[in-house]
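Next come two complexes, and both contain subunit A; in the first it sits with subunit B, in the second with subunit C.
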Partner chain A sequence: MPTPPNVSPAAFAAALTAWRQAVGPEWVFTSAEDVALYRDFYSPFWGEPEERVASAAVAPATLEQVQAVVRAANQHRIPLYPISTGRNLAYGGSAPVYSGSVVLDLKRMNRVIEVSERNAYALVEPGVSYFDLYEHITKEGLDVWIDTPDPGWGSVIGNALDGGAGWTASPFRDHFGSHCGLEVVLASGEVVRTGMGALPNSRTWQQNRWGFGPWVDGLFRQSNFGVVTKMGIYLMPRPEAMVSGTATTDRDENIVPMLDALNLLENQHVVNGSTQIYGGLDRPGTHSPVWTCTVPIYGPENVVRAQMEYARRKFTAIPGVNFLEGELVRTPLSPEALKRAHLVNFGIPNLSTFAMLGRSPGNPDPAGGHIGFSPIVPRTGESLLEFKRFYQENLPKVSGGENLGIIGPVYMTCWERTLVCLIMFPIGRDKERNAKMRRAFEAWVRLAAERGWAEYRAPAAFQDLVSDTYSYNHNALRRLRETIKDAVDPNGILSAGRYGVWPKHLRKV
Partner chain B sequence: MTRSCPSHTRFALSVLLGIALSCGARAASPSGQAPAGSGRGVYEHWCAPCHAPGPGHPGTQSLQVKYGGKTPAVLLERTDLTPESVAFFVRHGVLSMPPFRKTEITDAQLAAVAAYVARGSRAP
Partner chain C sequence: MPTPPNVSPAAFAAALTAWRQAVGPEWVFTSAEDVALYRDFYSPFWGEPEERVASAAVAPATLEQVQAVVRAANQHRIPLYPISTGRNLAYGGSAPVYSGSVVLDLKRMNRVIEVSERNAYALVEPGVSYFDLYEHITKEGLDVWIDTPDPGWGSVIGNALDGGAGWTASPFRDHFGSHCGLEVVLASGEVVRTGMGALPNSRTWQQNRWGFGPWVDGLFRQSNFGVVTKMGIYLMPRPEAMVSGTATTDRDENIVPMLDALNLLENQHVVNGSTQIYGGLDRPGTHSPVWTCTVPIYGPENVVRAQMEYARRKFTAIPGVNFLEGELVRTPLSPEALKRAHLVNFGIPNLSTFAMLGRSPGNPDPAGGHIGFSPIVPRTGESLLEFKRFYQENLPKVSGGENLGIIGPVYMTCWERTLVCLIMFPIGRDKERNAKMRRAFEAWVRLAAERGWAEYRAPAAFQDLVSDTYSYNHNALRRLRETIKDAVDPNGILSAGRYGVWPKHLRKV
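And now, the complex of A and B:
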């Protein structure tokens, strides 16, 4: 059994004893076979010395057990790495950022504590997946939707804390932006509730996120300042209908006015669904529009029809742009509509996204895993075209003249006011090929940073690299975060290295 | 994954990869009607989202491409699986499918689901 770095065997043994007493011996995992289950299955360092691996895992089921585990870790200076459902694949999965950490597996904390239909929110624990919450709402017959990312097995809390997004209406797609109230166990073992939850007899924890005084919730997003054990999340009252329109053009330059129209419609909240932009592809033998924008709208039937007419007018005012209004879909979906639906647009979790990334007729021998580089660029057509040229010009050099199977760019408009240009890298078990992917990933990060573009989220192996690009004023932001880290976690036991924040004893000078 | 595979990539990726979108993608039936700890209950919660019949199930799609129809692509239609082989894949993963931890599927649940899947079409 490996011992965490800088931890004596005696201290580790004492912590393990305390944890076994706290959670039960069957929920402390130390055998090589059990600990291997916590490897990052999509690790770009798979099977190499640099792969980030756990030394053990401990799985509490209650808040009190989490407190006991954290207290023992703090006493014995054991590095912990909390995970929720451990399905953050492509961003590190269930493996720690700091190799040798003990994974604090919160999957057993799987209670849906409350779902309010009247006020449209849920209060959940970290082990609750989108499947779990959907199942609960369905069983209870409640008329609210969840906003789910593509893979439905992820944690509602974990996805929000990692900066994930979904597919329904705009207020809900930003998952951290839709949260309301946190319960957090600090490194000392103390429990904090944020917002209105700090009121001992609070009845409005999920109805006002701000509470009184400085708002601290953001400190727990992509961070290592505490262990989140409960979170409120806004739900979407089921809309009466959804209709989607599609604008197309064969003129490359038309993406500029089209994106302006898209921005206007979203910023006016006329279009509230998850818009998409795709195209600009050179596909011999096929004819696809050079650019396509889709604009879904949710709401009452007569309202969305009027909104769609407004959207149509905005797009068709651009010479060379065609607009096609799609079928209006009433909810709940009929069985027929369900067969044709992109389910996540209707808040229905599933795993069909893996059909595109796994083995398929078009890709019979896939690598298996993947990682993504997803910089945020200005949400203008000019910037989008700049990124497209940037990608095309740099791809051969970044790939060392080889076809590495890098996929891109994918334009993501999942958040209002934000454009993400995604590049994806296949990751498998071929070490040499993975090394090439890593070099390419690093090159894209640096090249993009030179243009003022940087990641919103990164695989564990590259979080330091991306953090380095946020270096304004001699890394002032990182230094501020380190100051906070030292104050709230003085022994540096929680999630060392997560998103580039290291505890004092592991910090590079 | 998107966002494990960063979400919002479905449509665009389908174009980039030249893959026909499975318009009939089905939600998993994570709940089902079976007791949560039974083999069927575990299957419905953890396996069916990828391995159920029909389009939109990546495990089924993958096995269809792998075997080209010589072996059924739907797990429950297989007659060649043993409980040991099912358990191996659950705990070791394969290709895009990661392994499942004991906090997700306990050893007892693994035994139940492995037996259930291995019975496959022979199940009553």
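And now, the complex of A and C:
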């Protein structure tokens, strides 16, 4: 049985004993077979010495058990890596950032504590997946939608904390931005409730996010300052209808006024769906320079018709831009409509994204998984054109001109005001190919940072690399986070290294 | 010349010398006349020993000067109280929470650094008032609106950091929620840029708020962890039109379905303006039980017409509810429309709110100012009815049945999902009357907390009181904030006591 780094066998044994007592022996995993299940199956270092792996895992079922596990870890200085459901594929899965950490697996904490239809929110535990929440809402017959990312098996809390995004209307697509109130176990084992939840018997914990005084919730995003055990999340009252328009042009320069029009529409919330822009590069079935912009709108039927009319007017005012209005879809979807629908656009969790990337007649040898290089660029047409040139000019340097099976760039607005240029790199079981992907990924990160573009999220293996690019004033922001880390987790037991924040004893000077 | 508490005359003299060197002697204020200008003119303790007053003031003009001032204060352990423009009336004005602190007056830092029309944001310094920003936008002819609170002389940054709200469309009314990126001077004098701003040469600092890794911005809300020297804020592209509807009912029980309808409309963003509910209590010209709900909508003309039609349908589906549609106002406002308009609803800063509360033929003896007791209650009709009963039942106990010139309750949605029941207490120069107000305020805070209702913001003199009500798990949230405070400001020099967070050496155990 492996021991976490810098932990004596005696200390580890003492922690294991305490955990077994706290959660029951059957929920403490130390066998190689059990622990292997926590590997990141799309690790860019799969099977190599640098792959980050767990030493053991422990799975509490209640808040009190989480507190007991964390207290014992803190006492014996055992590095813990909390996961919600561990489905964070492409970003590290359930494997720790600091190899040898013990996974704190929260999947048994899967209670949907409350769903309010009238006030459109849910209060959930970390093990609640999008499927679980959807099932609960459906069973109760509540008229609210959830906003789900591509794979529906992920954790509602985990996805929000990792900065994930979904596919319905703004502002619900920004999952961290849609949360309202946290319950957190600190490294000391203490429980904190944030926002209005700090008021005993609070009745608005899931309604007002700010509460009174400094707002600490942001500290638990892409972070390692505590273990989130409950989270409130805003839900969307089911919109009557959805309609999607498509603006196209065959002139490169038209992307400038097109994006200006889109900004106006989104910043006014006339267009509220997840807009995407295709630039014809490496996108099967399109030819450069053809630009396509999808414009989905959700709301009451008469309102979305008016919004679509306004959007059409704005786009068709640009010479050389065509605008095609799609079919209006009423909700709840008819069985016929369900068959044709991109389900996540209707808040229905599913796993079809894996079918798209997986083995099929048209794709007999799938790579396995993908990792995403996804810098945020300014929301202007000039920036899109610059990114396109940047990609074309640097591809030879980065990967010797090889495409490497890369998909991209795809331009998408994860949420209002944010434009992400996504390039996806296949990751598989071929070590040499994975090494090429890693070199390409690293090169893109550095080249992009030189232009003032950087990632909003990164695979565990590259979190230090990306964090290094955020270096203003000698990494002042990271140093502030480290100061806070040392204060709230003085023994550095929680998720060492996550998103570039290392505890004092593991920090590079 | 008074010396800050626990500071030796020699240390104070050394700090004053350093500050004079840093900012120029004319920007360090120590005379009684100058320092008196920093009094809170609506202090509930005006002229009493408990009134919190400054000992001196220093007014830097640049980031580097702020750093120098903070460094000297940190070296000599001088308590500083940063203010933006000091216009935070009803919440402490420019007076420190910890009496004897030196006011760090940032009003000279009044540069509008950038306004982007295409991406609808501004980057400003703390001394920039709503008037300043409005003037800049008007002069440049930019087609964007700002969201201003009632008095337009306040600071854009100060208002956001204090949790203020305005009067145009959601989500812009939530001023802290609309900010994007901060530059902060820590107690050490170090500068941190948050979000995408931590990337050198970042091009999306005012576009993506989250950046990469733990989000620290929330720590600077209603807080004392740093001095904010720059802030990005989202602006609203000028909406083509605004129309406001009014739903009324003469049946108390109708407020339940009315608020459910309003929740649906606001949570779907069909209604996006600042809705208000009047319950007839102490509201001149209305009679209980008449409930009135105002429903303003902003957007393109054809869209707001559709939204208003949908809103009307939802309200008139409730038996006994009448719905009156107001006149549609096109923007920019005509000179005629400007004369009739409630200017803040159109993003135009002004000071008319003072005229309303000030001396006039109908109000020959104005109280002076007001402080607000403004608990957040659940957004349900049942809660409104409960609050109404709560108010009526407790008024005799709280103030011997006297009205005390109190205005309220007024129910308003500061922002989506948040409902505030506002009661305003007049504060003036009559010490006995002020003492009655204070006792009433304290009683209301305690009584409300027993029901699970609490404030989102409080006058400086009552911040400890309100903070005490947020006591879950032996004040775990406050203790977490204190841990962070001790780490980032180990000498406790910044805004001691603000929103209930005291530095170690001043903390009650």
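Going forward, the second predicted complex is superposed on the first by the 495 of 509 C-alpha atoms of A that agree within 3 Å, B and C clash if a C-alpha of one lies under 4 Å from a C-alpha of the other, contacts with A are read in each partner's own complex, and residues count from 1 in each chain.
By definition in this document, a contact is a pair of C-beta atoms (placed from the backbone, for glycine too) under 8 Å apart; a residue touches a chain by one contact, two chains touch by 3 or more.
For clarity, every value in this text was computed on a predicted model and none was experimentally measured.
Engineer: Should A:Val270 be classified as contacting the first partner (subunit B), the second (subunit C), both, or neither?
Structural biologist: In the superposed model, A:Val270 contacts subunit C only, not subunit B.
Engineer: So, does A:Glu190 touch the first partner subunit B, the second partner subunit C, both, or neither?
Structural biologist: second
Engineer: Which holds for A:Gly500: it touches subunit B only (first), subunit C only (second), both, or neither?
Structural biologist: second
Engineer: Could you look at A:Arg417 and tell me whether it touches subunit B, subunit C, both or neither (first, second, both, neither)?
Structural biologist: Touch partner of A:Arg417: subunit C, not subunit B.
Engineer: With both complexes overlaid on chain A, does A:Ser101 touch subunit B (first), subunit C (second), both or neither?
Structural biologist: Touch partners of A:Ser101: none, neither subunit B nor subunit C.
Engineer: Taking the superposition on A as described, I'd like to know which of subunit B and subunit C A:Gln67 touches: first, second, both or neither.
Structural biologist: neither
Engineer: Look at A:Glu309 in the shared chain and tell me whether it touches subunit B only, subunit C only, both, or neither; answer first, second, both or neither.
Structural biologist: Only subunit C; A:Glu309 stays clear of subunit B.
Engineer: Under the stated touch criterion, which partner chain does A:Pro200 make contact with: subunit B (first), subunit C (second), both, or neither?
Structural biologist: In the superposed model, A:Pro200 contacts subunit C only, not subunit B.
Engineer: Just which bits of subunit A does subunit B share with subunit C as contact spots?
Structural biologist: Touching subunit B and subunit C on subunit A: residues 457.
Engineer: Please output the residues of subunit C touching subunit A within their complex, sorted ascending.
Structural biologist: For this pair, the touching residues of subunit C are 118-121, 163, 169, 171, 176-177, 180, 186, 190-194, 196-204, 207-208, 210-223, 225, 234, 236-237, 239, 260, 263-264, 267-270, 272, 299-300, 302-303, 305-307, 309-310, 376-380, 383, 417-419, 449, 451-458, 466-467, 469-473, 476-481, 483-484, 486-488, 499-501.
Engineer: Write out the stretch or stretches of subunit A touching subunit B in their complex.
Structural biologist: Residues 27, 29, 33-34, 36-39, 41-42, 57, 59, 85-91, 93-94, 105, 107-108, 127, 131-132, 134-135, 138-139, 149-154, 159, 162, 164-167, 274, 276-279, 281, 283, 288, 294, 339-340, 342-344, 348-364, 366, 368-370, 372, 374, 407-408, 410-414, 420, 422, 424, 457.
Engineer: Provide the residue numbers of subunit B that touch subunit A in the complex, in ascending order.
Structural biologist: 1-20, 22-28, 30-31, 45, 49-50, 55-59, 61-62, 65-66, 91, 93, 95-104
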